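Pasting the structures in now, so scroll down.
In the two complexes that follow, chain A is the common piece, with chain B as its partner first and chain C second.
Our next item is the complex of A and B:
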């Protein structure tokens, strides 16, 4: 066999098409179009303070989209995140009513999310039930608990300092929430793309059986990712509750789909195994800016969801059509 | 009366000649036994008869008239039905629906003419099942039936539209003794009803019990045919294994060193029982057996995929506990699985990523990826196996089967194992890659590795192994040293003979 050798290059020669057909690049073009249209339609759109304030509308969802990306890359899904927010917010509210201080409130919010996520992951991996089934169940369960506890009432008795997390600005009028998202995006991007952990996550998403045969503890990874996803929902609960200063049982209703929309628009395959944090990062802005622009024009929320729906379906259909055309 | 006649049938797949000038004839009211080793071409022949594959050359005559099956549906319409383990059955549909899949009775006239006539369907099903003298309700969902009952449904399906030729591919593989008796009765009924039955089995006892005639295939060629009364079991075995085309195996014999792996009484509730053996440095230990003999399952227990119920494993004299594959990798056991595409490769990922996966932390020296180090490792082992690719970042999916296998062997070699288990390492790969893999096994033992070779290919087992263990129904049936192993003796042991 030693006589037989093949010349194998280290990597493929880069081609221009590689760059232009990258999903991230297409998303950037889309983002540019959205910005252009918005700035034409509304003179206030490109205002520095307006733009920064618009990030309040998506930072909490964007933070959850980061961990949801890891979940979807491993072929799972978590539909319970918005309900976890409700549950965490309710527990924070009850603690606030009992007179808990700010640090304890934050801790309760995060711990509730962590435990709820752990419960999801434990049920999924222990009993080998598909994630979609389990998290549809916990979606009702967690939200249901919130309704049972609060009924029609709202909790608004938060201590004064608690509003800092959701309402404060750091330097140059940049909201704290937004900075937190940027930092977390960098951390998630690093872990997914530059560490062995990220490599294993992709391996699991592409072929869970072969991943297991390669010595990767697949179920442990899934459990940790669901726990992390719960923790991020807990963090979002802290930020959201702090920002609006109240807890109602319908808090963050429908957010799970908005978070998943961000991830899918970001180019993460719902079949698992592919997608990048940078894609999701850009998709967050595409959706955020589009919503912001529409709201500047006083387009009602119901119509907005029509736009988002069209965008999502187009974003999945168009690449398939392009690929089909290229193959011809 | 001859119903079906095949002559000069040949079929090639890339790198393999699966069938070469094969003939076969089936007569009404007779059971024809088709005998041959794994890889002799029996399944390809069945696929041709059922319209799944098209022959490259040759003629198929039904009632003396040539036929050309463009699709499985054509074959089915011509009256040919196959029943095997992988027969397409719909677990969530009822017995009646399964039996009438593709040809359900309709109401036939008026605005509802395309609607299913459930009453006729159920009545017809009852009638067919009654003919088979079995007690299964037409409304039972298939999932609730035993394997044997599902087979019977398959047979009922064949009867329901008057198949004249029924092919049974290892129909008794998963049946209990009692169920086998029931199946024999049904075969007798089919005979009585004038059907031609092609019966494929490895179990000689059952062939002699129910077959009227036999045909032997070997290496895709027709070896002989005759009446069952005029042949003995030994003669059949000799024809099956035969004298082969001189396949030369590059066997490298190195003196077998100290014991590396010691397995004692490894057992599993259903798959294998009491597996004990020793493996030394530089040894190739062959595991032979029929499909379902429990070889892969036992190996996967060694590797931490399946959990054994009892047993001890020692590596270099030290007892180890393997709870999962990463324990096994740490202990120095590597397992190259049989199913390359599902258990082995992560197809969309690159050659480099595949090779480094089991030891990705060790290669990178920490949690942060270092592409240069990874690529260097991939290049080192990829080149050692002469992987043919354009670049190391190429997805494994784009490689040929043989090169995929080389990547997988490279992947496991990179973990620096003491023992490497190769499960069907040359299954379905081209001749060139096959030779390369065989040659490479020589290099492995020269470098002091201990190799377990699980293979269903007899020549490979005989040609490459220093010692051979033959398994049958989950147990070790016999052990051979290289010198004393003959094809006949090995096959006899694998089929349950003495």
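Our next item is the complex of A and C:
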């Protein structure tokens, strides 16, 4: 495979084709098409309030996609994030039943996520087991605990103020969740693209052995990233639980794949070592706007996932084909 | 690279702003003169709900100028339904009728919808009362229990031994219905009928089948079996047919026409019942329409005109209870088997 890894060496002269074939640019074109088509097909699409409200549907997943980007850049994967949400939500629910206040609930949600992520990272790095194996295991484990605790019941006794995180708006009717995503995206983008830490994350993804020999504590980085990913899942759990005010063991079912879809569509190579936060950022909107547009036309969810699948395959295949044609 | 990506960002921002402003100018609110009622079901691909929609469409045709939107998430989760509620709100539908995946989780979303003037009703699986105006129950425990005893009496000629084949012993629904059956049996007109035992098939076909064979062995004079579960009734009827007991033992209970057609045609079952999803969809649509038009408020005590269903009464807590379960026999099972 002739992979275009993140360039560390000298800069080539930028050609026009380089710009137009950049993943982010292609995604932007795609986003433009999605917006245009949707606004043509539904009179309700291009409405300030509707668009902002639609961000509720993807903000939590988008926040998880940010840390998942780092995980995938280092050649790892974490399939347990949705189950971590379930686990964190269950613990928050139990605490709420016991009468915990809002700050404590948030703390418990975040701490559960952090610990679950740390457990993932510790098992992976300590025993050198591939991340996919470990997180498939914890995916069943964490959700299993949620099912054991709750069975077919639900916890709904959350204090009144708790709904603020998932349901409130800041200025100009912008949901708090969405603002939080924007801020976090900026932070993640800065760390990955403008700091030594970010550089090292790419180095690990490109070649973990070489990175190790260059003095990068690879396993410590991976441990921290998995813990961070767990923390983000804990944050998503706080937001989601607050938004729907209820905990069920099947909460956020299937979200791990939706998060990974965002990351992969964002141009992050599943082989590690390449991809940008800005790509993932735009991909979040491509997917979010597409599903919102489809849902405005009342397209059934099953058909929607067909669209997403086609989009994912096409968006990855088309640039490869174009590059191949250009090279000839 | 860095310069490039900042350029990319700039282009990105410009593109987004341009798209939004350009298209936003070609603005929205075209007058929607149709009344739009959305049916939001637990999940798609469920024949029960397809039949509910057909009932809704029937009512829409009668009312005229009503459009039915039929939506549901891929998997039966509250989050999936909330996403859809958001999009229905964005479309400014006039009413949403929901069969909820979670009694409580939908409340924040439906409250927001109601704040924006959308009439929210739930049917089948209820939303807690603060999250909807009216809940339409297809039937109620007492009627469901009584109906099954009446069908049993009819099939076995009002006298003899019969048994109950239930689902699991822990299931709230079935246990309530069985309690209601026992209540109905106290009526003197059933004096010659004797309930010998209750067996549990755990809603598994093979176990229900084996339990039925066990009943034949233990009670040689058995004349009937009531199975208040759609899985048990099919298994029991099959056991009757397989053991050549047609005409000797009758099976009745709650089942789906599509699954019970063979049993009725073979004679193992004379009649069985289930709440009619078509009537459920029809009534729900009529109620939603009346709420939209403002002819009723939906408070307890209101009487809502509901077309061919007559007037339905809103009970305490905004619950509307429809009639007794609908009975299926040789005369209509084939027709309904095509529906659900």
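One rule holds for everything that comes next: the second predicted complex is superposed on the first by the 317 of 328 C-alpha atoms of A that agree within 3 Å, B and C clash if a C-alpha of one lies under 4 Å from a C-alpha of the other, contacts with A are read in each partner's own complex, and residues count from 1 in each chain.
By definition in this document, a residue touches a chain if its C-beta (ideal position, glycine included) is under 8 Å from a C-beta of that chain, and two chains touch if they have at least 3 such contacts.
Everything numeric in this text was worked out from a predicted model, so none of it was measured.
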For A:278, decide between first (touching chain B), second (touching chain C), both and neither. second
Chain C versus chain B, contacts on chain A by residue: C
Contacts of A:213 with chain B and chain C, given as first, second, both or neither: first
In the overlaid three-chain picture, which partner chain does A:195 touch, first (chain B) or second (chain C), both, or neither? first
Under the stated touch criterion, which partner chain does A:243 make contact with: chain B (first), chain C (second), both, or neither? second
First, second, both or neither for A:203, with chain B first and chain C second: first
Once the structures are superposed on A, label A:105 by its partner contacts, choosing first (chain B), second (chain C), both or neither. neither
So in the superposed three-chain picture, is A:119 touching just chain B, just chain C, both, or none of them (first/second/both/neither)? neither
Residues of chain A at both interfaces, chain B in one complex, chain C in the other: 11
Spell out the residues on chain B that touch chain A in their complex, using ranges where they run on. 303, 305, 324-326, 328-329, 335, 337, 342-349, 353, 357-358, 360-361, 364, 367-369, 375, 379, 382-383, 385-394, 411, 436, 439-440, 443
Help me check something: in the complex, which residues belonging to chain A touch chain C? 7, 11, 14, 18-19, 22, 24-25, 28, 31-32, 35-36, 39, 42-44, 46-48, 50-51, 53-54, 56-57, 154, 156, 163, 167, 193, 240, 243-246, 248, 250-254, 276, 278, 282, 291-292, 295-296, 298, 300-302, 304-305
Looking at the complex, which residues from chain A come into contact with chain B? 1, 4-6, 8-12, 194-200, 202-203, 206-207, 209-217, 273-274
Inside the complex, what are the residues of chain C that reach chain A? 1-2, 4-5, 7-9, 11-12, 15-16, 19-20, 23-24, 26, 28-30, 38, 44-45, 69-75, 77-80, 82-84, 86-87, 89-92, 102-109
